[in-house]
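I have a structure here, written as C-alpha cells, and I will follow up with some questions on it.
A, B, C and D are the chain letters, set down in written order, and residue numbers restart from 1 in every chain.
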Amino acid sequence: MLERLRSRLEEEMETLAQSPYLARVMEPGFADKRLYAIYMCETYHYTKHNARNQALVATRKEDIPVNYMKYCLHHAEEEAGHEMMAFHDLKKIGIELKLEDLPKPLSSTNALIGYLYYVAENENLFARLGYSYWAERVYEFMQPLLGLMGEGLKIPETAMTFFVQHAEIDAGHAEEVDQIIERFIKNEEDYLAVEATMIASLKLTSKMLDEVFEEFVKIKEGKPTRYTFLEQLGIN
Amino acid sequence: MLERLRSRLEEEMETLAQSPYLARVMEPGFADKRLYAIYMCETYHYTKHNARNQALVATRKEDIPVNYMKYCLHHAEEEAGHEMMAFHDLKKIGIELKLEDLPKPLSSTNALIGYLYYVAENENLFARLGYSYWAERVYEFMQPLLGLMGEGLKIPETAMTFFVQHAEIDAGHAEEVDQIIERFIKNEEDYLAVEATMIASLKLTSKMLDEVFEEFVKIKEGKPTRYTFLEQLGIN
Amino acid sequence: MLERLRSRLEEEMETLAQSPYLARVMEPGFADKRLYAIYMCETYHYTKHNARNQALVATRKEDIPVNYMKYCLHHAEEEAGHEMMAFHDLKKIGIELKLEDLPKPLSSTNALIGYLYYVAENENLFARLGYSYWAERVYEFMQPLLGLMGEGLKIPETAMTFFVQHAEIDAGHAEEVDQIIERFIKNEEDYLAVEATMIASLKLTSKMLDEVFEEFVKIKEGKPTRYTFLEQLGIN
Amino acid sequence: MLERLRSRLEEEMETLAQSPYLARVMEPGFADKRLYAIYMCETYHYTKHNARNQALVATRKEDIPVNYMKYCLHHAEEEAGHEMMAFHDLKKIGIELKLEDLPKPLSSTNALIGYLYYVAENENLFARLGYSYWAERVYEFMQPLLGLMGEGLKIPETAMTFFVQHAEIDAGHAEEVDQIIERFIKNEEDYLAVEATMIASLKLTSKMLDEVFEEFVKIKEGKPTRYTFLEQLGIN
C-alpha cells in the first residue's frame, strides 16, 4: 500500500509542478523576500493547527487501537509549537512584529485548516495519515524551491529554520508514518480514505500557495495589501 | 455594506464564469445526464451538512445576540432535510439506489464541508453569513446552466426540484440574510469576515464543480469511476 | 412508554421531596430573598446552555430523522435567551449588577451543564428528551416552593418571570415532548436512554439545589461568599 | 498554592470518608466480589475517557503555552488504554465477557464523564489539572479500602492491576502534576478554576461510588440488575 500511495503522490506532485505560477516564481528576478514572508505568515497559521488536529483524532469517542492513539498523541506532541519556527523565520528576514499583529489567514489557508479538523473529527479514523504522509516528506520535492530561496532571494539560513530543521525532524516522522500505515491500514476502505485525504490536503495546500502568489503579485503591482509589515523590508 | 458585498460577489462570479470547464459544459453535445447525476450526488453530500453547520453557530459558548441565535436556528430548521431533494432528483432521472449506496463525497466536496464547519465553530460569529449570502442567491447566476440542463440534457422538471423549488424558497432566504447582515454587521472586522467566507466558500464550491467536471470527463473517456450507478442511465 | 416515564419521574420526585434541605427551606423564617437570588444566579447559568445543547443534537453527523431534527432546532429557538428571565428576576428583587459581574457557576451547576452537552453530542440521539421531559413539567411539582417564595419570601410576581412565564410556555413544550417521544421512541434501547437522562439530569439538578442551599447557609453563618451582590439586599 | 490545594483536598476527603455507605462497605461480611466487579465496570467506563478529555485540552483553538500543551499530550499518551486494566481485573476475578457486552455506564458515571469533557473544552485552560491533582494521588486515601478488597473480599492481587499498577504509575504522575501547577498556575483565577474542578470531579466520583453501592444493595436484595454477568461469580 505504501508503494501505491507513493506513486499516487508522485503523480499528483508532477501535476502540481506544472503550475504556471511555479514557473513564474522560478524566473530570475521575479520573486523577492516578500513572497517568502507572505508564505511564512500563512505557514505560521496552518502549522499552528497541526498538533491540534492531530491530537483530535485521539479524542474520538469510538474505539481506537491503543497504539494508534498513542502515535497520534506522540506525534501531536512533537508538532506542538512548530508554528513558532515560521514566526522566527519571519523575524529573521528583518520584520519586527508581534504575534497578535499578524494578518489573519487567507481564505485558502482557512480552507486547509478547516478541512483537516473535519477529517480528524469525522472521516475515517486513519484518514489524517494521508496528510502526514505527504507533509512529512514534502521537503524532497521542494529542493529547487529551497535553492531559489537560499540563493535567489538571499534568505539567510537562519531565516529558514522552518524548512531546514523541520526537514530533519520530519525525515524521522516520515518513517513513523510509513510504519503506522503498514501496521493499521489493512483494507481498501481505509486505504482509500488515506489516499483521499492526501490528495485533498495537497490540493488545498496548492490553492494556498496560489493565493500566496496572487497576494505577492498584487503587492508588486502596488495594490493595497493585508501584509502591511512587508514595508519594513524596504523593497519596491 | 450590502452593496459592497454584492459588488464583490459579482466580481467573483465573473471570474468563475470564465472557467474553461464551464465553456466546455456549454458546448452543444458535450454534456449529458451523467454530469447532472454526478453533480446531484455531490450536492446531496454538502447540502446534508448545511443545516448542521448553520445550527452549530448557535451552539457557540460565547455570548450571542439572541435574535441572531434565533435566526441561525430558524434558518437551520428551514434547511433541514433539503439534501433529500438532490437525492430525489437523482432518482427521477432514472437511477435506482439507496442512500447508503451513494459513493462518498469527492475530496473537494469534503473540503467545502470541512471549511464550513470550521467557520461555524471558530471564525467570527457572523462569518457564515458570507456563505448564506451567495448560496441563497446563486440561482440568478445559474440561469444559463439551468437552461442547458432543462433543454440540452433533457432533464425533466420533476428531476430538478433541488434547483427549481430551492430557488423559490431561497428567494425569501436571501432577503432574510440581507436583513440579518444589515442588522448585525456593524464594523469592518465583521464585514471582512463575512466577505472572506463568501469568497472562500465560493472558491471551494467552484473547485467542487471542477472536480465534478473532471470525473465526468474520465467517464466519457471510459476510465473507471466511483459513480457506478451511472451505468443505469444507459449512456455510452 | 409515556406512562412508564411518568411513573418513574414521580417515583424520583418523591425521593427528592424527602430531602432534609427542602424541609429546612420550608421552615417559616429560615429562608429569605438571598436564597432566591442565589438560585436565580445558578438558574441563569444553566439556562444559558439549554438552547445550545438542544441545538447540538441537530448538528450530529449521523443520520437524523428530519422531523426530529426540526423539533430540536425549533425547540432550541424557543429556549434561546430564556436565561435573561432569570437575570431580570435577580434585578427585580433589588440587585443591580451587570451580566459580566455575575459569579461563575457553582461546580454542581457546571456538572449539570457539562453532562447535558455530553448527552447531546454523544449519547443516544433521543436521550436529551429525558431532560426536556421533566424540565418542561417541573412546575407542577414546584407549587409548594413557589407558594413559599411568593408569600414567605415576599418575592413580587414581577421578580418571578422565570417561573411564572416559563411555566406557561413550558406547558406547551411538555405536550410537544410527549408527542415527540411517542413518535420517535420505539424500542427499549431508546426508551432506556431517555429514562437514564431524565434520572441523571434530575439528580444533577438536585445536587445543584443542594449546593445553592449550602451556599445560603454559609452566608447566614456569616462566612465569606462568592455572591457579594447579596449585600445589596440589606439582609443580615 | 499546592499546600492550599492539598489542604482543601484533605478537607473534602474527610467529608467523603464520613459517608454512611462507606461505613457499611467496611462492615465485615457485607461486601463481596460483586461490589468490586460493579466498581471495575464503571471504572472501565470513565477511565476510557481520561486520555481523551486530557488530550482535548491541547486541541483548544486559543493560545496554549507550548509546554503545557506538551504536558497534556504526554499525559494523555500515558493514560491511553488504561481502561483495559479495569477490564482485565474484571476477567481475573472470574468473569468471562466481551467488551461490547459490558452494560452501559451508570448515569452518575456519565455525569462524571460529561463534566470532564466540558471542563477540558470550555472551562479555564488549566482547570482539568484539578482532576489530575486528586486522581493521581487518590491511592494514598484508599489504603483501608484496598485492604478490605484484598483480604475481606479475597480479590487476588492479579485482579487488582488497575489499583496496584496504577498506583505506581500515578505516583510519578502526581509529581508531574505538582510541577505543572507550580509552573503555570500563577494567579487566583487560575487557582480557583483548578480547585473548583478538583471539588466537582471528586463529588461526581463520590456520587458514582454511591450509585455503585446502591446497585450492589439492589442485587443483594434480589432485585433485577443490569450487571447480569455477576451471575458467573456464583454468589447468592
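As a convention for this text, a residue touches a chain if its C-beta (ideal position, glycine included) is under 8 Å from a C-beta of that chain, and two chains touch if they have at least 3 such contacts.
The shown structure was predicted, so the numbers you read here are calculated from the model rather than taken from an experiment.
Chemist: Which chains, if any, touch subunit C and subunit D both?
Modeler: none
Chemist: Between subunit A and subunit C, tell me the centre distance in angstrom, where each centre is the average of that chain's C-alpha atoms.
Modeler: Each chain reduced to its C-alpha mean, subunit A and subunit C end up 47 Å apart.
Chemist: Counting only Cα atoms for the centres, state how far subunit B is from subunit C in Å.
Modeler: Here subunit B and subunit C have centroids separated by 40 Å.
Chemist: Please compute the C-alpha centroid of subunit A, do the same for subunit B, then give the distance between them in whole Å.
Modeler: 28
Chemist: At least two other chains touched by the same residue of subunit D: list those residues.
Modeler: 61
Chemist: May I ask you to sort the chain touch graph into line, ring, star, complete or other?
Modeler: ring
Chemist: Which two-chain combinations qualify as touching?
Modeler: Touch list across chains, by label: A-B, A-D, B-C, C-D.
Chemist: Which residues of subunit B touch subunit C in the complex?
Modeler: Interface residues on subunit B, with respect to subunit C: 51-53, 55-56, 58-61, 66, 69-70, 73-74, 76-77, 80-81, 84.
Chemist: Using the touch definition up top, name the residues of subunit D that touch subunit C in the complex.
Modeler: Those in contact with subunit C are residues 104, 107-108, 110-111, 113-119, 123, 196-197, 199-200, 203-204, 207.
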